[in-house]
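By letter and in written order, the chains are A, B, C and D; residue numbering begins at 1 in each of them.
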Amino acid sequence: MNLDELEQLVALLQNSNVRELTLKQGDKRLTLRRETSRNDLQTEEPEMLHPVELNGFQVDFADEQAEAQAVVSAPYVGVFHHIRPMTGMGASVAAGQIMCAIQSMDILNEVAAPAAGTVVDIHVQDNQPVEYGQLLYTIQTKED
Amino acid sequence: MFDKILIANRGEIAVRIIRACRELKIKTVAVHSTADTNSLPVRMADESICIGPPPPKDSYLNMPNIISAARITGADAIHPGIGFLSERANFAEACEMCGLKFIGPTAAVMERMNNKASARETMSKAGVPVVPGSDGAIASDEEALRFARKTGYPLLIKAAHGGGGRGIRLVQNEEDLVRQLDMARTEAAAAFGSAEVYLEKFVEEPRHVEVQVLGDEYGHIVHLGERECSVQNLRHQKLLEESPAIQLTIQQRSRLGEAAVRAAKAIGYINAGTIEFLVDARGDFYFMEMNKRLQVEHCVTEQVTGIDLVKQQIRVAAGEKLSLSQKEIKFTGHALECRINAEDPDRNFAPAAGCITRVSLPGGYGVRVDTHITNDYEVPPYYDSLLAKVIVWDKDRAAAIVRMQRCLQEMEIEGVKTNIQFQRRILNNAFYRRGEITTDFVQRRILSETREETL
Amino acid sequence: MFDKILIANRGEIAVRIIRACRELKIKTVAVHSTADTNSLPVRMADESICIGPPPPKDSYLNMPNIISAARITGADAIHPGIGFLSERANFAEACEMCGLKFIGPTAAVMERMNNKASARETMSKAGVPVVPGSDGAIASDEEALRFARKTGYPLLIKAAHGGGGRGIRLVQNEEDLVRQLDMARTEAAAAFGSAEVYLEKFVEEPRHVEVQVLGDEYGHIVHLGERECSVQNLRHQKLLEESPAIQLTIQQRSRLGEAAVRAAKAIGYINAGTIEFLVDARGDFYFMEMNKRLQVEHCVTEQVTGIDLVKQQIRVAAGEKLSLSQKEIKFTGHALECRINAEDPDRNFAPAAGCITRVSLPGGYGVRVDTHITNDYEVPPYYDSLLAKVIVWDKDRAAAIVRMQRCLQEMEIEGVKTNIQFQRRILNNAFYRRGEITTDFVQRRILSETREETL
Amino acid sequence: MNLDELEQLVALLQNSNVRELTLKQGDKRLTLRRETSRNDLQTEEPEMLHPVELNGFQVDFADEQAEAQAVVSAPYVGVFHHIRPMTGMGASVAAGQIMCAIQSMDILNEVAAPAAGTVVDIHVQDNQPVEYGQLLYTIQTKED
């Protein structure tokens, strides 16, 4: 990560209504937070930003709302399978609850929810091949 | 021929394999840890799959994820490269079970050679000279003492399941032997999962010479000449390799080659492999061990034979017959390889990590560079320190040395410490120039000089 | 041997020469215009001297400044490289007068070959086939008509002092001949300082095949095989060269080589030179012209012979005897060279200038890259557009083509337009693959295809 | 010349009391001028900045005083020779007056003054080899 890239990120943050931005590469992590006044926040519409790739870095955005989200990503390489009953949009999950399975070398590896909450996004489809770290679900961990 | 190959490795060797696949019109899948997401092999391959976090055990050694990656991408073969899973018999076995061709020897062959004591026995039976040693694992102290009295000191205690220079102890006399035997057993059990040790005569001032072999599935085996690999650092890691070996007569060279072919035939070897020998001052040689995979230094063999080893590996694995007869394999000129590592020679060759801010590679006539680094490449701290291999060829050794000196003068890497200057010191050394190199060359001729300078 | 050589050139060829000097332990002086102050050869050389502003006539063609630069730096020889002053007899003469060895043939030899008509005569006497043509310069229209009636149409009118494809006119019939003869004379006088023209039979659908020769000061001359250079752009600039030539029998190849040696001997040639031939569909060949210097495409010859041509040039110039006998020169495999130019194939190959923001060069087995470009290199608008030469070697032509395709897939240059994609189209072309290439190949097989696509 | 380099130059200019800065590469030329108020100028000490090399560019600085200077650089490669009488420090020269000679291939090439003025600096020594464009003299073309 060089200065130019950092500047791009700062610009991105300043021109957005996002309060916080996290970069991950390997096990390194960089978080940028924007100073906001209460006033600012009240005039803002809550908005969800999807994680994006920027120069190969995975960038997760987090605002006041998004701080209350957890993501479930693939801990194995393999084929994603829904379980029965399927964990669908809007489903409530408990921490540790099995959400899906990833089939790897004929073995079905179960994937558990990292936190309790409501499924607000499913990023993959049944029988889809997934790589390590691929985003599977977004969970809303706080009640609005 | 295969349609798609998954490369279960990283760095320059992954790039090397992708290039061979491309020339064979085979599609490629690069697997990578999260630390290598933006690496050159990932960018070059037709597809890439992230297989885990940076630590090797979670990614490049993660068999289920790698095999699963091959399956979801529809690859029909896996090239394991060098290191990582390349000599794991159980990985080769798992591949075959899943219908994936493992590009290397079979699991059975690997297992046969993984036990050093039984490997010695096999070699000895096949008429390949071995260092005088105990018949397999030592059962008792008495047996050890009996062997020592017959053979004389100094002796080596070796762990049967050790390798890469690890698990070896030098003993000078009888008291030493008994005391160290116990320690060696305990250590071997902890490090290699087996307390078996054996004894061997200590070959003094040896050179490390290895022979490249290549075998197909139909029992046809040829050798591609030998490599001189005595220039090693204190951790027995090779620094500078060459082909042909120096200070051997034509007769000695052909005896070495023939012995290597006998060795490979004795175990029914398939694909590319290397038989390592110790060569003493008289040119007598002893089987040391077999590497059941491609070697980093395979390039010097390619330069003097004109044979693309990685393509041969792939062809043989695809069930093709070796199209080379021993007679057709000709050796021309002399090749050298310098390994350029990210390491700090002033701090005991500690691996260096960081961002390469600028890289300028050598080029021109007789020069080959195999590398995965680019400007702004971030050297991850998790893996080996090899950044690039500079390989030169010329008519004879003296000319090849001059060409390598020219290359290392041209080569510039900024941002991380490298051993470029250290390699230049080796090339300048009078003993090296004269070919007076034994496995302790670096310690005796280079590092001792440094100590003297700093005194 | 020389102690210090001044390189009177720029770009990749200056880098090439500096590398050879370094390997011979000869110090180097790079001269440069103000546009090349930060160029790679300037950074690589032991010393550098600015010789003038960017226009070639003020710098790289500025003889007094170049010779003066050699004197103030104490150089004892000048390597002229390719182009610029490399074939100027008066420069070679000025060097000798100033006690500087010119690395190339003598001024006398150059002058002998600079007049095309007399060169033809010399060749014909030496038993080297020449295209049926007028005996020397045409004195009158009558003489021209007489020759034409005897030889038949089509015919070429060529300026005696032209070269590089310039000053040539094709005539189809008698009326055409008389009319164009006048125009050709006027043009020749303006362009080459002499109105002399001669007539030649037009060889239809020829291939351009040239033979590399090398001679020492003691009359020993050898040839290093031939190069196929028919792939040329519309300005007759070579784009892709290979060795050996294709579609020639072994007998035809050795006849070509022998003819080239006879030609070089006939004029007492010294140093490296190239005899260019036209080869017709039957494999009959005709002397075209001689290049009295190194060629851009010398690298393909180096790859198949294992002989470093630039070092040989320097050795011969230093008065050493050629250590090569014709018998010892062996040819192995097939080599290809692609010239990577800064030019826009979509705008009639107009030269492109600008800053190279990123460059990624190919590498690995069987690959050589000769270049002076680096990241952030500013391509100056004053000189030729050659950025890099990618040279590959493999056992046979088909394998070499595949390797070149792999290399051009790897190669990335950002910031200026290049002909990389255009070269890939050539390599993909079925006629090229089959070796069906004549000097109009690019126009007939590649550009016509583009026109059809856009219709 | 890229943006980074330009930024460096702008910074250089802003942090200096130089009013104008000229870059030359080949026949290209870039001039940067700083906005200054009259006040600024009056409090400034006149200061001479020597030309420097920056990233391979020759940078000439010009302030109010320096604008009145001319440089004489070598038009030939060769050996610098003083003439008799020598053009020394403080010498007055007329435009076109021969100042020195450069010996190139046994020929003495005379070098003339580009403008009338006073020699305020001599950058080379007798018998010194010089390359094309090498700085020989600085001439003060205006009286103070």
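The rule is short, and it goes like this: a contact is a pair of C-beta atoms (placed from the backbone, for glycine too) under 8 Å apart; a residue touches a chain by one contact, two chains touch by 3 or more.
Nothing here was measured: the structure is a model prediction, and the numbers come from that model.
J.: Whole-Å distance, chain B centre to chain C centre, using C-alpha means?
T.: 43
J.: Can you work out the whole-Å distance between the CA centroids of chain A and chain D?
T.: Comparing mean C-alpha positions, chain D is 61 Å from chain A.
J.: Mapping chain-to-chain touches, which pattern fits: line, ring, star, complete or other?
T.: Shape of the chain contacts: a line, open at both ends.
J.: Output every touching chain pair, sorted by label.
T.: Inter-chain contacts occur between A-B, B-C, C-D.
J.: Note which residues of chain D are touching chain C in the complex, please.
T.: Chain D reaches chain C through residues 2, 25-27, 56, 76-79, 104-105, 107, 129, 131-134.
J.: Within their complex, state which residues of chain C touch chain B.
T.: Checking each residue of chain C against chain B gives 15-16, 19-20, 22-23, 25, 44, 299, 302, 306, 308, 310, 332-333, 358, 360-361, 363-371, 374-375, 395, 399, 402-403, 406, 409-410.
J.: Where on chain B does chain A make contact in their complex?
T.: That would be residues 33-35, 37-38, 49-54, 59, 64-69, 71-73, 94, 98, 376, 380 of chain B.
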